[in-house]
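Next come two complexes, and both contain subunit A; in the first it sits with subunit B, in the second with subunit C.
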Partner chain A sequence: MRGEDWRQRLRSSAPLFALLPFLFVVVALFAVPTLRVLSKGFLEPTPGLANFTAIFGNPLYQQVFWTTFRISALVTLLAIVLAYPVARFATECRPLTRNIVFAMVLVPFWTSLLVRIYGWTFILQRTGILNETLQALGLTSAPLKLLYTEGAVVLGITHYMLPFMIFSIYVALKAIDPNLHKAATTMGARTPRVFFKVILPLALPGIVTGSLLVFIGSLGFFVTPALMGSPRQMMLANVITFQVQEALDWPKASAIAMVLILAVSILAWIYFRLVDRVALPGEAK
Partner chain B sequence: MSRRRGPPRLGRWLLRATVALVLLFLIAPALIVIPLSFAGDAMTRFPPSQFSLLAYRNFLYGPGWVDSTLFSLGMAGTVMVLSMVIGTLTAYGIVSAGGRLKRALSILVLLPMMVPTIIFAIATYWLLADWRVLGTFAGFVVANLVLAVPYAIITIRNGMEGLDRSLQKAASILGARPARIFLKVTAPLLLPALATGGLFAFLVAFDEVVVAQFVSGSFAVPLPKRMWDGILYRWDPAISAISTIQIAITVAVLVILGLLRRREEQDRSKREV
Partner chain C sequence: MSKRSRSMRRIDDGVSNMKRRAVLKQGLAAGAVGLAAPYIFVPNALAQRAKELVVVHWGGAGGDANRKAYFEPFSKETGIRITEQTGPGMEKVKAQVDVGNVNWDVLVDIGAFRMFQGMQQNLLEKIDYDVVTNTKDLLPYAIQTYGVGSNVGSEVITFNTKTLGSAKQPKSWADFWNVDGVRGHRAMHQKAFGNLEMALIADGVPADKLYPLDVERAFRKLQQLKPHIDVWTTTYDQPIRLLTDGEVDMAPTWNARAATATEKGAPIGIEWNQGFLYYDMWSVPKGAPNAKAAMQFINYCLDAQRQAQFATMYPYGPTNKRAIDLIPANVRAQQPTAPQNFEKQILFDDQWWATRLTGLTERFALWTAQK
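Our next item is the complex of A and B:
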């Protein structure tokens, strides 16, 4: 009897024991080290907010904050414009076509970021395919500087983020009852009107959550600005790296990291509030 | 039929053209890199005019490329196995939990995915320095496990939520012990999700380059870090070759995942019949 009881209790607490390895990973390997490095911004060299007043007062960092915001906003806008047609098409086409479209979205998505950047440098460099084509068509007489510009960085990050936006909008559009569109058309609404009055309001949740995901992801981007941009396109992550590797100023790096994580946290909080009604990824509705 | 569903004809063609252009944008880098890897002449010319395996020869015999590839394969493979084990345990814990705990855990799982990698990278630097594993295989496994395990947990959990509980119940009524139920009933049904989660974890660890900037050592240079140095400091045709190999691997993995999903769906529809 007592043995049964003990065994029962062990069995019912088994799920909690199963969580232990993950809790170790997320607390000991992730949360504690992260909080520890962030605290350097407040504690070193002397406790206080000196690092923060220093970075906010410095025009160089103000420039980096503004660049990061501007590039992330441009990426988000570009991603909406490029993703909407694909998502729309995927909801309307036949299943086989949809699978092909999704395959063409997923293969680049899971392809190494370095491979993609390597490809882009070949397309964009002075003697690259884009410049050669432009000159062959007589559109430009001399090669344009395309690589190591803000445009290149926006292009590179958009290429990485686009699938997130496509799937966010697709999920929202998929949930729209196709009869709505038909009903609106039957009742005499013209295409633009149907779009603005019927489709857009319903697609908006997908566009908003997709934008938050893309914007959050862009804010912390490191690889693309470093390889496809010039020092003028330094974003927050690049300046953190610079502080750590060149200036050896960990407290400043931590303070900038704190600003970055604060921005990301606020946006992530909004994101979770919005998807509250929808369900988290991996959560059955 | 299709007239009723879509916008008018001209609009539909415009939509198709736009979609084609966006998809071209997405696959453009791959379209460039693959022919480039077989180019014999100067690497700056496109399209290449002569066929050569120079890039692949450089990859095989050039300094460090093969070492880095083996290092990355071993590291990502280890991360994959650990992620599958922790992923299964965690998914089981989350699925069994209820209400607030379940929601808190779901957000906790997403946390390492939401926090910018750069912040985790500088944090890990100190952790690995304390443990004296900076620039080692073990250090890379620890760092990449944190980044990769959420993908495994989410995927395996999705698989578990989709499991048909009545099968486990039936096995239990028939007198099977829990361990036997897991091995004979649950595990085979879970296999597609398990494999998918593992492969995602593998790809995440194999591709990681931000943390690698901070924790690499002279004997532990993962492939993406070596590619980074190649792109930034010294052009090497080997990069085209290894890029093409990686694209091929990605396509192969996605095809396997597609087949697994198909099997899963067939299983599900069979059960419904």
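Our next item is the complex of A and C:
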């Protein structure tokens, strides 16, 4: 009897045991090294907050923090606007068409980031396709400065992050009972009203998830601002790389990374609180 | 009955809503991990500490030339096996030295200023000149306490020969700054090292009075050019690509990259006048498992024949003076150490930079990021 009880317990906790190797890998190969690196920000060259005061006292870093968050916010907004129609179309079209849409979303996503940046370069540069077309059509007399601008950086990052938004919104839209749409229409609601009163509230969790994924993902971009922006679009990852590779000043790099991680953690925490607090659509209150 | 079933359904709803929440949370977590994966740095701790010599070079055409001129013949003659790795960044040396797990033996072609930086951070072994004895014919600057010169490159003015007619090509840094006289789009690399020198030479400072650099004067001169820089480049292949595409008409570049592109038909011209000569170095990381063999390898590479073979394949200048005469004349003309080119150029003072690199690079970044 007791033996059986013991066996029962063991069986129910078996999944936990199965997780142990993974836990070990995460702790030993990720958590410990990460904490080790981050602790440098507080401990070197002398223990204290000197690295943090140096960062916050330097106008460059203030500007970089602001640029990073502004670009990430713009990317998130642009991604919502671009992703919603695609996600909506994918929920409403036939399965075959949907697969084609998803392939069109995913194939670029699996393409190397560098290749895509060069692609954008050929389109946007002074002698690029877009400028030459505009001039050939007589719409502009001289080439426009499209590349090496903040707009180019936002565009480049959005292109990369878009699938995260599309799939987040798609999952939310797919879960909506199509009858709700019909019901609202039958009750006399026009399209905008159906959208704002029925579809949007139900799609909101997907939009929020997608926004957080896109926003947090954008905060860490490095190659895109370096190749599609000018020094004015320098982002946090660029200054971290600079401190690690060029300056060999790892304590300062750790301090910058720490601030970034803290900002991301706060955002994630707010998100989890929101998910807990907000009643999901259709949920009994 | 109906009341009970309703409350049951409530509970079911509650469970399913909990699941929906869990899915939302896990979806975010999974997405975040997927996003973060490429950024997680896994140190190369598992690389084996075998008996062979681990040499680390920059890859590409330069890496191929290194293999043929140095690695393969050295292995053949000594029986010491050579394992190649690429990307000898000083930050990776620091990572290995910091955790006490050094698995590199020779750093190939690291910039001299990086060598001085590594020296200051105590990341390099002293060169053992009891083993490295082949130094009689070396250029004097090649013999350093923590490194031996492997070759000489030059940061030169390059331009697109198609978009700029021969009358309009920049012939000096003063021309590069003269935006009204020498018209065209300009790119510059986002770095302090070298750019400050260019500014001072453009401002009329004589080459022999360049060091110690007048940093304030250099930034004032750079400020004049700033509005006319169309692209601030960040990778080493960017200037060549921009010039080849005709996106910019002139840019300072490293001569070997320009020469390699020209061989492939890119319309790029090199102006040797006022080019800045820099040395690349062989160095040994502190605590290298096979430091002794590393010194032996460096000594082997100083041979005039080997260096001539390397320089014939890749247009950097040899550090062994006797090697220069062994290179075919047409190839030699493309090299910074060819006498007719050498005398037009200016030597970087890496030692001046070693203590100032970090501070000035940060200041330069701040300056470029401002409006």
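Please note the rule applied: the second predicted complex is superposed on the first by the 243 of 285 C-alpha atoms of A that agree within 3 Å, B and C clash if a C-alpha of one lies under 4 Å from a C-alpha of the other, contacts with A are read in each partner's own complex, and residues count from 1 in each chain.
Please note the rule applied: a residue touches a chain if its C-beta (ideal position, glycine included) is under 8 Å from a C-beta of that chain, and two chains touch if they have at least 3 such contacts.
Keep in mind that what you see is a predicted model, and the values were worked out from it rather than measured.
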item: Fit-or-clash call for subunit B and subunit C when the two complexes are aligned on subunit A; value: clash
item: Partner touching more residues of subunit A, whether subunit B or subunit C; value: B
item: Which of subunit B and subunit C A:S168 touches, first, second, both or neither; value: second
item: First, second, both or neither for A:F30, with subunit B first and subunit C second; value: both
item: Subunit B versus subunit C as contact partner of A:L212, first or second or both or neither; value: second
item: Contacts of A:M187 with subunit B and subunit C, given as first, second, both or neither; value: neither
item: First, second, both or neither for A:A103, with subunit B first and subunit C second; value: first
item: First, second, both or neither for A:P178, with subunit B first and subunit C second; value: first
item: Which of subunit B and subunit C A:L137 touches, first, second, both or neither; value: neither
item: Which superposed partner A:P59 touches (first subunit B, second subunit C, both, neither); value: second
item: Overlap of the subunit B and subunit C footprints on subunit A, listed as residue numbers; value: 29-30, 33, 125, 127, 216, 220, 226-227, 244-245, 250, 268, 272, 280, 283-284
item: Subunit C - residues contacting subunit A, complex; value: 10, 13-14, 17, 20-21, 24-25, 27-28, 31-32, 35-36, 39-40, 42-43, 89-91, 94, 117, 121, 185, 190, 230-232, 234-235, 238, 245-247, 357-358, 361-362, 365-366, 368-371
item: Residue numbers on subunit B that touch subunit A, as the complex places them; value: 4-8, 11, 15-16, 18-19, 22-23, 25-33, 36, 44-46, 85-86, 89-90, 92-97, 103, 105-112, 114-120, 122-127, 142, 145-146, 149, 153-155, 157-158, 161-162, 178, 203, 206-207, 209-210, 213-214, 224, 227-228, 231-232, 239-240, 243, 246-247, 250-251, 253-254, 258
item: For the subunit A and subunit B complex, residues of the former touching the latter; value: 11, 14-16, 18-19, 21-22, 25-26, 29-31, 33-34, 36-38, 82-83, 85-86, 88-89, 92, 101, 103-108, 110-123, 125, 127-129, 132, 159, 162-163, 178, 182, 191, 216, 219-220, 222-223, 226-227, 236-237, 240-241, 244-245, 250, 253-254, 257, 260-261, 264, 268, 272, 280-284
item: Subunit A residues within the subunit C interface of the complex; value: 29-30, 33, 58-60, 63-64, 125-127, 148, 164, 168, 171, 205, 209, 212-213, 216-217, 220, 226-227, 230-232, 234, 239, 242, 244-250, 268, 271-272, 275-276, 280, 283-284
